[in-house]
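First up is the structure itself, then whatever we jot down about it.
Chain IDs A, B, C and D follow the sequence of writing; residue 1 opens each chain.
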Amino acid sequence: MSYLTRWSRKRSIWVFPVNAASCNGCDIEILASLTPRYDAERLGVEVVASPRHADVLLVTGTANSMTRGILKKIYEQMPEPRLVVAVGACALGAGVMRGCYNVGHGVDKVIPVNLFIPGCPPRPEAILFGILKLVGEHPRGQVVAKEQIGKVSTTEHEEGEK
Amino acid sequence: MEEGNLDDVAARVGGQISQNRNSRVLTIEPGKLRDACKFLIDEMPDFYHLSTVTGFDEGKTIGVIYHFWKGKEFLSIKTSVPKENAILNSVSDILPASILYEAEVKDLLGVEFKGNRMTLQRLILPDAYPPEAPPPLRKEADPEKIRKMMELE
Amino acid sequence: MDALEVVEILVFPGLTFFVWLAFVFEWLDRKTTARMQGRIGPMLAGPRGILQPVADFFKLTSKEEIVPQFSDKLVFEWGPPFFFAAPAIGTIFIPVVGLNAIVSSPYDLLFILFVLAFSTLMAGMLGYASAGRFSTISIGRLVLQYASFEIPLLLAIVSPAVAAGNLSISGIVQAQSNFHWFVFVVPIGFAVFIVSSLAELEKPPFDIPDAKTEIAAGWMTEFSARPLAYVKLTESLSYVFLSALAASLFLGGTAGPVLTNVTILQDGIYLAYFLIKVFAIGFAIFAIKTALARVRINQAANLFWTVLTPLSLLQLGIVILLR
Amino acid sequence: MSDKGNNSPISGEEGSAKREVSAGLMQYSPENLMPFGPVHPALHEPEYFKLILEGEVIVDAIPRIGFVHRGIERAAQDRTWIKNIYLFERICGICSFAHSLSYVQAIEGILQFEVPKRARYIRVIVAELERIHSHMLWLGLVGYWTGFDTLFMWIWKDREHVLDLIEAITGNRVHKSYNTISGVRKDLPENISEPIKREMAYIQDRIRYYRDLVSREETLVVRTRGIGKIDAETARKLCPVGPLLRSTGIARDVRTEDPYAAYDEIVPEVKTSSQGDVASLLTLRADEVLESCRLILLALEKMPSGPTKLTAPRSVPKGENAFHVEAPRGELFYYIRSPGGITPERVKIRTPTMANVLTATSMLKGYTLADVPVVLTGMDPCFGCMDRISVFEVDKEKQWSVRGEDLRQYGISHYKTKKL
C-alpha cells in the first residue's frame, strides 16, 4: 500500500455513531468530543450522515435483540476498510445491564470490534485517545485487533492481503 | 385537594380507601374501574392528570393501579385480576393518555385490556421475545431462560 | 491547439490549479467555520491541517466501492466524472492570468449557464441512479430548489453582461478595468448572485437537498469511495468556480484598481488580484453559511420567487435603462 | 383525515391550525413510506418512525419504539436497593440525577427518613445543574437539527462549564452516582461557592444572549415558529409533562405543586408560554435555565451546615410508595413496592418522554419532512428513558404494518462489488 494511502487513512477518519440501546451518556460524550473544548475535527475526525461514507463505526450501548440486526446491517453497508469501536461499558460487555432479559454480552458478539473504549461513559478525551490509538497515531502504536474477535480489517491487515 | 372527593368516588363505586403516606389508594372491583375513572374525569377535572398505570405481580393476582396526580397527593385506583384470566376493560377511550400505559402493562404482565387498540398485537416487547415464555415481569419469568430462548448468549 | 494550450488547460491556470484551489478552499471553509464556532478545525494533516481535504480525497479513493443493487449502474459509476467535468470545464472560461481566459468566445456566459444547469441535472441523475429513499426525497428538493434559484441566478449573471455589452467573461473583465467594477453598477445583481450561489452550492441556509439531520446525506447517501471522492471534490470545485465567476463578473476579476500597467511581473499581479477577490468572496460565503440555520424548501422557494426574482428583474431593468 | 387516520388512536387530537392533508387517495405504497430511523443522524438514539408522506407532507407518523428496551424494571427486582440506585441512573444519560433522586426519595418515604437539610439543599443544587445542562444540550441540538451548527457548538461550549461544576461536586460528568438513601454521598467540596457563582453569572449572561439570538435569528425563527403546535385542550387530554405542557400555558410543575428535596424553601417560579410551538419552547427553556441559575444561587446562599447523610439500613420494610420529581423533561414517576427485604418487589418507572411521545406523534401530522427533526426535538425525546420498558406502534392497518422491514430492506438490498 502506498505511503499516500496510509497517510490519508490516518489523517481522515470519518465516523458514524450508532446507538445500539445505550442510555445516551456515551452518545452525548461522543457529541461533546466534537464541540469546541475537545474538537475532534482537529484530528481529521468528521461525523458523516451515511454508513457508506464512514471509516469507523462508533457503537454505544448493549446491542439488545432489537438493535443487533440493525447494527449488523449498518456494518454491512460500510465499505472496506472499516473499523469498529465499542464505546462505553455497555458496549464492552453489557455493563450494569448485564443479566437483563433483552441484553446480550457486548457488541463484539455481534460484529467484530477493533477497539474498546471503557468507561461509563468514557470522557471525550478518552474517546479521542481511542480514535488516535486506533489509527496508530499514539506513541504506543496501532491497535491490532485480537484474532479471536473475528475478521478484522485494519489498514495493516489489508496490506498483508495485497 | 379535599379528601371528600375520594370518598365521593368510593361512595359511587364502592371499595375501600387506604391511606399510604402521600397517596390514598382506593381498592375497587375490576368491573368498577371504568365507572371510577369516568366519575373522576366528569366530576373532578382537576385530577385529570394521569401519571401512569402500574401493574405488578401479587402472587395469585395481578394488581393494576391508575395513578392520578393533583397537588401534593396521588389518587390511586387499584384493582386486581386473577392471573389465569387477566382481563380488564380499558379506559383508553375516556382517558386517551392511558393508551400507552395500558399497553405497557399488557405486554409486561399479560393483562388484557378490552377496547385498547394498542394491545391487539405485541407492542412493548422486542420482536424476538419468545411467545411461549411468560411476560417478563411475572414472577415465574426467568431472565436467564428468556435470554437463552432469544439467543442473546 | 498547440502544446502550450494543452498545458494551460490541464495544469495552469486550468484544471490542476483549480483543483488545488478547491482543496485550499475546502480547508479555508472548514477552518473559518471552526473559528467562527469557537473551534480550531483540522490541525494534524499538514501544517495547520491544510492537507485535510487532500487526505479526505485520497482516503476515499482507496476505499471499497459499493454499488447498490437497484441502482442504475451505468449512471451510478460513470456519472461522478461527468459531474466533476461541469465546473472543471467552466473554469477555463475564467481569466486567471491576464485579462483573457484560456478559452474565450463571444458566448461564454451561455455556456456557463449550461454548466450550472448541467451540474444540478447531473446531481439529480446521480441521486436517482442510486435509487435510495433518502436520495429520492433529496432529488425532489434539489429540483424544486433549482427551479427556484435558476431565474434569479440567470438574471444576476446577465446584468453585468448587459452592463458590459458583452457575453464573454474575458470581455466583461476587460470592461471592468480601471476600477469600473460592476459591483458598483449592479449591486443588487451581485447580492442576488451570492444568495443564489449558496443555493447552487447547497450550503446553509439552502443545504436543503443534503440536510443531514433530515434525509441523511441527501442524494449522496448511497455513494462511497471513488464516486464519493469525485462528488465531494466537485462540490469544492463548484465553490471555487462560483466564487471565481462572481469575482470576474462583479469585482473585475484579474483587473485591479492599481498597478494595472507595470512591465515586470504583470501576470503575477493579475493572479494576485484574482486570488484576493476569489478568497474575499469565499470568506463572505463561509461567513453567511456559518451564521444561518437551514430553511425549509417552501421557504427557500418563496424567498427566490417573491424576493430575489423581482429584485434581479429590477436590477436588469435599471442596467438596461442606464446603458 | 381518512378513515385510516381516524382509526389511529391519536389522530382525533389533531390541532385545527395545521395544514389539512388529504390521505384519501394514499395507498401507503412503499414509495410513500419514509423510514426515519432507527439509526438516523437526527436522532442520536435508535428510534424508528415510519412517516407516510405525500410529497414532503406527513400524512401519518408511525413510531416503533423499543430499540433501547433493556428490561431494567425486571433487572431491578434481582438487585439490592443500593445497587438499584446505580442501575436506575443508567436508564438515561441526561437526567440520571433525577432518576436516582426520585428513586431514593421513594425509599426514604417508606423508611420515613428525615433527610438532613444540607443534603436536601445539595440535591436541589445538583438537580438544577442537571436541568441547566439538559436544557442547554437541547437548545444546542435544536441548532444541530435545524442545520445551525454554530449555535450547537456555542451552546455546547458553554455547557462544558456546567459539566465542570457537576464534575467538581459529584466527581462525574454524566452518571453522577451522587444520591444515596438518606442523603448524598459526600459533602460539597470546599470553596465551591466561588466557582458556582462565577459560572452561574457566565451562564446567565450567555443564556440571555442565546434567548435573544433564537428569537431574532431569522432562519431559525421561520423554522420553529408555528411548528409542532399544540393547544392546551389537547395537552390536557394527552397528559404531556414538563416544558411541552408548560408551553401550552398550563403551569404544572412538580417542584411547586408537590415540593420535594428543598423546593419547599427554594420556591421556583414556573415559567409558561402560551404559543405551544417549538419557538416558544426555545425561549421557555432558556427562561427555565435562568430560573435554575437563580435557584442554585439561592440554595447556595441559604445552605445550612450539618451532615449530608444518615446511616441507612440495607433492607426496606414492607410498603409501597409513589414518588415523582420534575426531571428536566418533566414529571418523572417512580412507584416502588417493598416486600420487606433487601430487594424491591416492583419498581415502576414512567419517564417524561413516555408521557410526551403520544403528544409528539400527533404533533407531526400535517407538517413537512423538514419539520420532523424539529418537532420531535420539541418534546426533547429521551428514548433511552422511555424504552426501558416500552414499545408501541400506532398502527393497526395490516397492509401497511411493515414493522421495521423498510430499513432492513434498505440494508439487505445492497450487494457489493469489489473494485479496489
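The working rule: a residue touches a chain if its C-beta (ideal position, glycine included) is under 8 Å from a C-beta of that chain, and two chains touch if they have at least 3 such contacts.
For clarity, every value in this text was computed on a predicted model and none was experimentally measured.
Most remote chain with respect to chain A, judged by CA-atom centres, is B.
C-beta contact counts were set side by side for A-C and A-B; A-C has more. With centres taken as mean Cα positions, chain C sits 35 Å from chain A. Centroids built from CA atoms put chain B at 42 Å from chain A. Remark: chain B and chain C have CA centroids separated by 62 Å (rounded to whole angstrom). Distance from the chain B centre to the chain D centre is 23 Å, each centre being the mean of its Cα atoms.
Shown for chain C are the residues that touch two or more other chains, namely 37-39, 62-66, 212-213, 216, 225. In chain A, the residues touching two or more other chains are 35-36, 49, 64, 66, 77, 79-80, 99-103.
Counting partner chains per residue, chain B has residues 126-127, 136, 141, 143 touching two or more of them. Under the touch rule stated earlier, the contacting chain pairs are A-B, A-C, A-D, B-D, C-D. The part of chain D that touches chain B in the complex is made up of residues 7, 9-10, 12-13, 66, 69, 71, 73-75, 78, 109, 236-239, 252, 257-258, 319-322, 324, 331, 333, 335, 337, 345-346, 348, 350, 354-355, 357-358, 389-394, 396, 403-404. Partner chain D is touched in their complex by these residues of chain A: 17-29, 31-32, 35-37, 47, 49, 61-62, 64, 66-67, 69-70, 73-74, 76-77, 79-80, 95-97, 99-103, 120-121, 123.
Residues 1, 4-5, 7-9, 11-12, 14, 35-36, 39, 41-44, 46, 48-50, 52-53, 55, 77, 79-81, 137 of chain A are the ones that touch chain C when the two sit in their complex. Listed in rising order, the residues of chain C touching chain A in the complex are 30, 34, 37-45, 49, 51-52, 54-59, 62-66, 134, 212-213, 216-217, 220-225, 228.
The touching residues of chain C, counted against chain D in their complex, run 33, 36-39, 62-70, 132-133, 136-137, 140-141, 204-205, 207-208, 211-216, 225-226, 290-299.
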